[in-house]
């Protein structure tokens, strides 16, 4: 009983690394549309999903962050022509490696979210938050 | 060269001459056709209008049985069977959902491992036109042939991958190895009316008239076919066409295998040339092709 | 480092959900951080407050915790400049769009605002002043393609006083428009409106024209492109030739003319058409008897040489070689146009086997009074006058099965025009048009179609043609559906005109990759923005116009050419260009030269540089770099970094959440 | 053997190369040999004790003309080096040796090394001369090459973590795995930099995890499976398990194997929009 309460009260610390052209603007639109979503994710803005070095995932986890989300433009919509294509491959490979080494897949996420997908953004944040809450705190490196 | 062989119902009944000539020709060429054990109906026409899974499960059943022959490719002569088998294979290979349903229906695991090829493809591509030419003993010079493909061999292109669906040339190439001339004519892929032969004979008569007319306009003396349905419509209905439209067609409709057989010097009786309604015997004798 | 954090209430937009005071208090506890709040930070008093705090507290960097950076980043950057700071020392914490507007729980929202602000502080600690880079502008423009779009763009740019170079791969400029007979909907003669433009371009001192030439290589960046142009050997001296035409009159070799769409002959030495600019012939080495004999026996003197004998100016030079020209340009306009769809894939229409099934471009030549039939509509097979003609629209347009899903936009109009011209040539001719839809969106276009149908009696049939074949008497039987009456129709025609669609030029892909402009799945060049930047491309300094972007008619091509020209002029009006400083830069001391960065760079912005110790390392061509950061993620040693978004900054941001 | 020695002599005599790097035997141990003159070439040997990947020595011969004795697995490293512009093809002469397995140094029984079990490159895919194998050509063990990886994947994540935590705890950060790896040729390894500090320098759980993840990731699409890292590791961390995982993923996701060709883009830098879209279903929201 005690443990369950503990888990329910767990507020995960999440980071979202967003590309400035699509996902960040989608997240802005969610604000303009006054959608409501979980407040756990802190957003960091970079130019393109290609800037999101997969090592950020590892660094985030070893810095005791409970979950990290990369988000960029949909394939084909990249402002920098093909950045998200490269980003996708790097992300997937590194995620597979981290999972192999015992990291929970829920902590390492990526999404495509366009500047017009405010609802999708809110849904992404909510579901990532719920998933990480279920997974529990990341205390592997404490 | 070893192939599993799917005769289909026609080749065991109304189109025995196709079966006979195909086997004769293959034997001469050293192509081994091993009849797939326990093959079942391909499901042509009636099955896919009643139940999709059934229409795909039936051919898959035969394809699974074909594996027992040890060959990885199934040779098919009938255009309708060819179409059904190829379409079933296409769905198995490209649609995991359908594949699961089909496999459940046949109660076996089939992953599209048996390729389906029409005898024309086997002769033209696997055996090779040049090799084929070398096997011809009698030249059929002076024979003018209209190659009629019908609709099922070539369409839909995405699935059949057979030849250009509007102007196919593969049969022309195969027939030309005999020294016969093929004519460039526009009726190659017209519809013959297929199974309407019995239910709506009038439609078939009109369509057959058009095809026969186009062939004779182009200067053809006989028509080569690769499908038992096309053959029976053009052959069987020819007297009726003549009567209804006041025409005087006397156009033998031969299987391409029969023409190849003649050029290889196979006895015409073994090729079943006596089984046609519009008898080609007189015509062939006139051409000095048979005695 | 002293950092000032300015938290905005945004009226109650922020403060209604976020405890602004708590944010200020929490931030102020951080070492080296000064924090304060204000009702409207973006207002004049708000900005002035920031300026005075920068000066009083000697701040090194500024955080504004307010609305999204998409709104006021520029505003506050200017505030920093006015306060005497480098504008790139600003960070914005987005506590409105991504916090107060999307959350309701006051405590949690406040906590998030603190996290966002702390993250911004973490980044700002590692901020470096950045300075826009200045590059000079070479004020001359390269126009690739000498069709109507290229000619128009060159005229516009040159008339503003700037040097322009047209590179055209054919022996004459003029492009496809030179082949047309009349233009819709006004029916003025195509040559009559095009030729003056060609002459104007050729006579302008500011326009240089390289015909029979191709761009082989383009390097460089906005303001400073280097192009290598191959001027192919014409075998005729351009300076000496007077254009008298004796050479091609005497030449004994006849071949099919490309300009006449293979309906008429030309000689082995030829000018493609009478009004060609420049009016200097070319010798077609493939078919010329001299070159053929030389190829067979290189030792011989070569046969024929009749043109050489008769040329009064002594302009024939058989031993001419290709010339390579290297020039610098500040801007490039790509106007490479289109190709006509090859109807060989339409087996049902004969796949090119029937001579009397012609393409629209061939019919255009038949209509033209300077064409192979002097404007008589004679069918190619037997030169009999064609009295019944069927026009088939959408051949190679709107047909996914043939790989062309798009509408070519001009076929409805030119088909109507051709049907009308047919009726004018032979008033009692029968014209049938099979169509899917009629797309006549343009000034006076719909009225034109109406006129063709009503006044000229052209019969429009809504449906597709399923088959065309030749009947015994030499006529073509066209079988199609008339979906409006629901019947099958068969028309016995003398000739069939296929309204072939417009497809991309075969060189599009090669050129696009060379210049670094993307193309879509139909291999048309992609504009920078489909609505707001139709003549620009992803590569700064490269513009597109005409049908190489998408099929378009003459007025649209001309309009886009003007747009591209005005963009070039805008560029040329600047002495120096300022480039965004958010760029990649290489730490060459640790660079291995593995060039993973070059492999991923979408802009070819990575170059090789050889250091003193002979090791090869990467260098960022700053003017080509767009600052996406792809190279940084690809670099295994972190030798590349992105100014403004360095690895260190992002790691600090991640760790600020601990 | 004679063939190998003759080739080396010929190369040195004709001054085609300055040095031949091969194997020799000293007091019963096989060690790398640098041969500068034809008269020294007689010491060269090749047998199943020649485990080392000599491509690693190119790090010190980048711009020199050298000949290398390379097995099929080792030669793949040359392709990666060429892909990454580290050497010029004309500078090196590859004496490929046909190989049917080298011994497992770490186990007492004289069986073959693990990496040889599924070898597909008995003959190098890039070479200037090949020395034929003498004796019987035993084919490699057939079967699923990634069986151990697949089995490990099936474990629950906390068991996987416990396994690696235990393994990484052993790590003493000696960087032998890096020194021995022909792919780790960086002038300055990122582990030795603190701006930015990707890897915590202390040998703690965190620091060791970071090091091992980064090391493995930097070999994605580059590791040619020579197995040297695992052999060199003094504390026996199963490093090849990580490498093999990435080899498996590169193959399955992108249909790419490292070191096959010199003139292709590495899969990690490349993309195929139509094929990659399949990744989205499972991995990306």
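Each chain gets a letter, A, B, C and D, in the order it is written, and its residues are counted from 1.
The rule is short, and it goes like this: a residue touches a chain if its C-beta (ideal position, glycine included) is under 8 Å from a C-beta of that chain, and two chains touch if they have at least 3 such contacts.
Here the structure is a predicted model, which means the values were calculated and not measured.
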item	value
Minimum number of chain-to-chain contact steps, subunit B to subunit D	2
Distance between chain centroids, defined by C-alpha means - subunit A, subunit B (Å)	59
Centre-of-Cα separation between subunit D and subunit A, whole angstrom	34
Approximate Å spacing (C-alpha centroids) for the pair subunit C, subunit D	46
Multi-chain contact sites of subunit A, meaning residues that touch two or more partners	54, 59, 82, 86, 90
Touching two or more other chains - residues of subunit D	198, 268-270
Subunit B residues counted as touching two or more neighbouring chains	none
Contact graph of the chains (line, ring, star, complete, other)	other
Contact pairs between chains, per stated definition	A-C, A-D, B-C, C-D
Sites on subunit B touched by subunit C in the complex	157, 164-167, 184, 186, 214, 217
List of subunit A residues in touch with subunit D within their complex	54-55, 58-59, 62, 75-76, 82, 85-86, 88-105, 109-113, 124, 127, 140-141
Subunit C partner contacts - residues on subunit A that touch it in the complex	11, 13, 15, 17, 24-25, 27-28, 30-32, 34-37, 39-40, 42-48, 50-54, 56, 59-60, 63-65, 79-83, 86-87, 90, 122
Subunit C residues touching subunit D - in the complex, by the definition given at the top	589-596, 599-600, 614, 616, 634, 636-638, 646-648, 651
Touching residues on subunit D, where the partner in the complex is subunit C	63, 84-86, 185-190, 193, 195-198, 218, 265-266, 268-270
